[in-house]
Amino acid sequence: MSTIVEKFRQYRKPGYYEKYDYHWAMTIDLDRCTGCEACMVACQAENNIPIVGEEQYAMNREIQWIRIERYWEGEYPNIKMNFMPMLCQQCDDAPCETACPVFATYHNQDGLNTQIYNRCIGTRTCAVYCPYEVRYFNWFTYTWDEPLEQQLNPDVSVREKGIMEKCTFCIQRIRIAKDLAKDDDRRRVRDGEVIPACVQSCPTEALIFGNSNDPEAKVTKMMNNHRGYKVLEELNTTPSIVYLTKAHS
Amino acid sequence: MFDHGQPTYAEVNKDIISTMLETGPKYWILLGSTMSLAGIFFFMPWIYQLFVGVGAAGMNRNAVWGTYLSNFIFWIGLSHSGTLLSAVLHITNSPWRKSIYRSAEAMTLFSLITAALFVMVHVGRVWFVHWSFPIPNQMGLWPNFRSPLMFDVMAITTYLTASSIFIYMGSVPDFAAVRDASTGVRRRLYAVFSFGWRGTAREWHTLGWAYTFFAVFVIPLAVSVHSIVSWDFALSAVPGFHHTIFAPYFVTGAIYSGTAGIVTVMYCLRKFLNFERYIGQVHLDSLGKLLIALSLIWSYINVLELFTTWYGGSSFELEALSFRMTGFYAPLYWEMILFCAFVPLLMLTRKIRWSWNKMLVISILINIGMLTERFIIVATSQPRKFLPDAFGFYVPSWIEISITIGSFGIFMTLFLIFIKWVPSISIYEVKETLKPLRRDA
Amino acid sequence: MSKISRRDLLQYIGAGGIGAVGGVLYGEGVQRKVELLIPQVIPPEDYSPGVATWYNTVCNQCSAGCGITVRIREGKAKKIEGNPVHPISQGRTCARGQAGLNALYNPDRIRTPMQNVGQTGAGRFVEISWDEALTTVGSRISRLKIEGKANSVRLLSGQVRGHLDELFAQFMDLLGSEHYQQYDFTYPGTIRAANRISFGVEQLPYYDIKNADFLLSFGADYLGTWLSPVHHSLAYGHLRQGRAGQRGKTVQIEPRMSLSGASADEWIPARPGTEGLLALGIANAIVGAGRYLGSDRDQWSVALEAYSPSVVSGKTDVSEDIIVRIAKEFSDNKSSLAIAGGAAAAGTNAVATVVAVNALNYLVGNLNQPGGVIFNSNSAFSTMPSSNQASFQEMLDLVDAMESGEVEVLLVNDTNPVFALPDHVGFRRAMEKVALVVALSTFHDETTQMADLILPTSTYLESWGDDAPDPGVGFPVASISQPVIAKLYDAIPVGDIVLSMARQIGGELPVSMHWSSMEEFIKDRWREEYVSRASDGEDQDFESFWRAALEAGVWGQPGAIDSDPSVPSSASIIASIADPESKFAGNESDYAFVLHPYLTATFLDGRGANLPWLQEMPDPMTSVVYGSWAELNPVTADEMGIREGDILDIESPAGSIRVPALIFPAIRPGVVAIPIGQGHAEYGRYAKDRGVNPINIVAPLMDDQTGDLAWAATRVKVKATGERLHIIKTGGVSRTLGRQILGPSNDHS
Amino acid sequence: MAILGTFAFEEDFLTAAKNLTSSGFDRISLMSPIPVEEAQEIVGLHKSRVRHFSLAGAIIGCIGGFAMAVGTALVFILPTGGRAIITIPPFLIITYEMTILFGVLFTLLGFHFVSGLPAWKDRPYVISASVDRFVVVVEGTTGEQAAKAEAIIRDAGAEEIQHVEDSQ
């Protein structure tokens, strides 16, 4: 009898990710984050994110792969502000992946929730299904005023209208790091060799990135921190980002 | 069955086929206006949106589904009229369905086509929408059959084929009747349409069996189509969508709005093609009773949904519920409740249920209520999901409103074409309901 | 049809449904621009398509001087990152630093020299060539020099450090005019003056937040805009979670919660202008409770007796037990640090406030201690001119000089006084009286619009220069700024403009300023520095040192903290304590609110407003974009019946502006806060006619000791105009509604 | 030679049909404007062979649908949502839809096979058969066979009798 239960559990949770060599993860220390939004501008510079303009912004159509959420706590005069960077959680059981009718988003060997731009037909189901609302749609083909387009990063494709986009953990940097590691006598990517643009520019080092399959990685240790928790854990999307609550000295 | 006395077989033929052959100037004016309505209000904004991008509509980051999808569901809902009338009542062979089931099926087919068009308008890159069909393509990738949208694609294509075969096979004998009653090109054309039907016992026997099988297949299909359409919402984790009651809720809503649609169409057929003799009081009365039953089921499910949400007490669901009932769209919500739950109760009195004009008004109100219901589900649950700082707002833009109006144009155009090409009342079924001719009579 | 590639054909076939027709027409309509893979005919030597190269330079988006490294692909700058070896940025950047590429590739850059035709300020410019422009300037100045009226040539620059500052000083000395001034709205003049009075030090000290246990900040938004935000953020991160098992505590005292207030453990909204009094109250509590064991305890208690916590709490609206508790924590912690800045150092009692805070630092003995106030030794460059930062009073004198016609030629470099000074000062009108105004600037800002002659300068990413960061990091540091890409357009770096002007003017200028380019000048100065320091055993020849410095982007002597940490005597500090009574423009009865203009992390003082990424970046506290707003406490807003988006008419004794209201829970009821940065009349498509500039209604009050503008000492009256405006913000409902988003335990509701 | 008898009333039509079948004529076709069950029994039609086609179609659809879903999922292994590659519940829905689709298509196919339509070669037919007349046609009769059939039709009360060509 137990084999059937075991088989069903194995079927229900194939657990692809133990077998893959990398499982990229990130920890965000809310005690360090000061809400300065350097990560947002860094991400915009690295990933060719367009400027949507004033009236599009007024219609709530901004494109910000990582955004800072603000939560007031208490009332004047003992009022507190809590910042929370919110980006794609690269969930292991992502509700958006099963929803896409054309496999424009799936879970690759790096444990990343990939978004394939030329495959997307724009049904936007993934954005409805994402509880974190971190998927952004190209409502128009956005343009860069001349000569701003010279700044576009050649490693990241520029999206046309009708395509969904989201944080990819700077997959172009991960690919380059894996290629360099492969050329260097086929070793694995060491901890700290690849970091996304937001982690690299965060001035308070609140964001830590690494391979959570590797027990010595800094991120794995941080993930086991007693302050660690996952946002909307009760929806059991098993996100790959662990937030660390604000401590009280 | 017939308010103004029994017509003879020949009169039946003449009456129904005459509506097809003689086309007065009024018909052309009506056809021209509906085609321009469709063209100006539906296709031109759509072409504009194709050039500019889906941003022309009012959707934004957190309400990525807008009126296009709620219209899609409304039109799929309307398509359930045909299934119910022709298939279910055919199986239970109730006599009163016989004269109205053909145009009900036509309503099914044309609202399905309009719904399919809405998918094209809704999708961001319509020039790659063929990737969602399981046909080989440039990238060698096959669609993801785990996605509710793939269920949609499969269910709606199946439903489209099934209902078009269903209506076509049902009207083959009538095509033969038209063939015999017409000359020249039209005769040769209908000879082809009717596959050379002669009405022999073997043909009637095979058609009877095939038709029954079609009906048997279409009923579960219709139920599955609308539950699959509800699963686009129900399989998500969004607080306003994620209820297990959604499948029966949508199926009931669909049959309910479909039946209301039939009453509207019957009224128009009676008025413009003066079928007073064929569509009588009994149809109106039975449709009215059906509407009352369906509205009670619908209200029950609505109350059930509110109760379970309130009883559950999760902050997400309660917030979605409170925004729906007291937020910006609260008047729309209460208007929906009024039109779909309370107005139909008027039909309990015979005085209202028997007057065609009152029933027309009630059926139109019901359908307006159902359109708002779909819009409410889409517009009030999406902007307020889990993270309060990401709450947003959704207001349809002029393009969405004009495309919604235009979609009725498309439906009416198709229906007007149908009236001239296919007998809108099934000739042989009406004859069946007449008392057979007796030698001594 | 033109040639159809295989991909286009498939796209047309693939266009399913009626959309096909639209797709075909649209596909043809878009002509693809042919782009060359290698832009130049002969590419530079380190150029290979597909391979990225990194160049280290210095960020110039604010005066912190962070070292940055820029990624270059195919001769185009792609990404700015922090320079990992630079002690200020340590590999990190802030939002403004990242947006440097927007300035480099900004569509509204001035591309060729321009001459104003028609009325000054009308903005009708015609393009002229470089030598034509230089001859007009050169001949005018040399004629004045010959006539002995060299003093009528004035150079007004933004905050410039390093050898470019020395070049400017040398140029003006050789001309014979001693009117070389710098004006920068964000310049910490009052803090520098207070340190000079308290500790007798000229350089700004290094506030070592990293090793502090308890940080008490009087108005200083050290995480957003105060002195060196990136370095302070790094320190803040370490203060919080950098040390195992130990978490520093921060307290912020300011009327309106800034970015640092949001991250602080305690936010104390003292009454505006009374921060100095509060500091002295805390000092009194420390000395009174016997926690200061220094020998001169009784002189301290005499000096502080007037500021007992009970008296101070009345005036500052901060309860007595909070003052006593803060004092206890401040003195108990091993290393606690007090800093002052922002609005606290921008009242009429600015210097007195900072002196009071310095006294606090002295009382806990954290001077020159880790986690305290570490005095910087002299700068890395020996030959540095004394700082000639103009105070507000000196700017008024400049305006009077211009009005009276004393100024013949005004050179304006990289500063925008027309925007940064209140309109009633009349800088714009005075510029019309000047015969020749020459603007050396990269963008068409308000001041450049008034110029007669515009000489386009290249951005910091295309020009040579160096920088000794001030405030330093406790040891001498010198960073090099080198061009990362080939110069864009017909612009010239400002250093080269000065050298070519010197050559144009003739006389002894070209003799002593003999360098042909800024690079040569910088290299020459570094060679002198290298030779002067070579005596202590560095045997590398200069060339390899120069190449290594260029590659690293920075040079420093970490170990070189001078041996005896000279702690200033307490007598001077006691003597410097003055009664920090603050005055406000406008009496309380008519002008009920205190105006609290504040520097924003997005635009700082308005210089970032023309960068699209910053315009579209939500304001860190209110998440508002593309506009200005006035923050009001929810309670006062209710009383006045004001809702979010109502346009308010805010009037001060010096003027009035119209700005939409925003309900902001973390602000004192009697204060209205307006962000500085928007409200540009010119300055490019992203900034033009957007929002409102609160500096224009700041009354011309000044700090009594330094003459700096007291921009936080103005009272205003607020009246709703009845009109409404949609404030664009990303925030939805900024409350967690009981959902466990910020942590498992539900204490964040 | 084919004899074609037109009847105004249904019971005469049925009596003619019964007499013709009992007297051994086999190539009889009974045409009527509405389906008449007794006529179908007379000709010996009870359970139509269309039902085999439907069943076959349903089974093919079921197997085909599941095979399609599983086959396409295995072309490229793309794990989504942490679930298995071959996820049974969604594929069952696809199977359900395909079952119905192929069921309907095969029923249509069955209709065409069993009923012999579409047949465009001209066969004995009277226009009024689709309006209000019941028609009996006896084909492949010669000489006295035709006379005998004609007699049966006449005493059943035929309105009109015609001699027409056989159907090819």
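A, B, C and D label the chains in the order they appear, each numbered from 1.
Quick note on the criterion: a contact is a pair of C-beta atoms (placed from the backbone, for glycine too) under 8 Å apart; a residue touches a chain by one contact, two chains touch by 3 or more.
These numbers come from a predicted model, not from an experiment.
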| item | value |
| --- | --- |
| Higher-contact pair (C-beta pairs counted), A-B versus B-C | A-B |
| Euclidean distance of C-alpha centroids - chain A vs chain B, Å | 42 |
| Whole-Å gap between the CA centroids of chain B and chain C | 64 |
| Rounded Å distance between chain C and chain D, as computed from the means of their C-alpha atoms | 89 |
| Euclidean distance of C-alpha centroids - chain A vs chain D, Å | 61 |
| Touching two or more other chains - residue numbers and ranges from chain C | 731, 734-736, 741 |
| Per-residue overlap in chain A, given as positions that touch at least 2 other chains | 60, 62, 67, 69-71, 84, 95, 98, 100, 103, 231-232 |
| For chain D, residues contacting two or more additional chains | 76, 78, 80-81, 83 |
| Set of all touching chain pairs, with the criterion as stated earlier | A-B, A-C, A-D, B-C, B-D |
| Touching residues (chain side chain D, partner chain B) in the complex | 8-12, 29-36, 39-40, 42-43, 45, 48, 50-51, 54, 68-69, 72-73, 75-76, 78, 80-81, 83, 87, 90-91, 93-94, 96-98, 100-101, 103-105, 107-108, 110-112, 114-120, 123, 125, 127-132, 157 |
| Complex interface listing, chain D residues touching chain A | 76, 78-85 |
| Parts of chain B lying in touch with chain C, wherever the complex brings them together | 43, 46-47, 50-51, 117, 120, 126-130, 137-138, 315-316, 319, 384, 386-392 |
| Chain A residues touching chain D - in the complex, by the definition given at the top | 11-14, 16, 91-95, 97-98, 100, 103, 105-107, 238 |
| Contact footprint of chain C on chain A as seen in their complex | 29-38, 40-42, 44-46, 51-52, 54, 57-58, 60, 62, 64, 67-73, 75-77, 79-84, 145-148, 150-154, 197, 200-206, 227, 229, 231-232, 243, 245-249 |
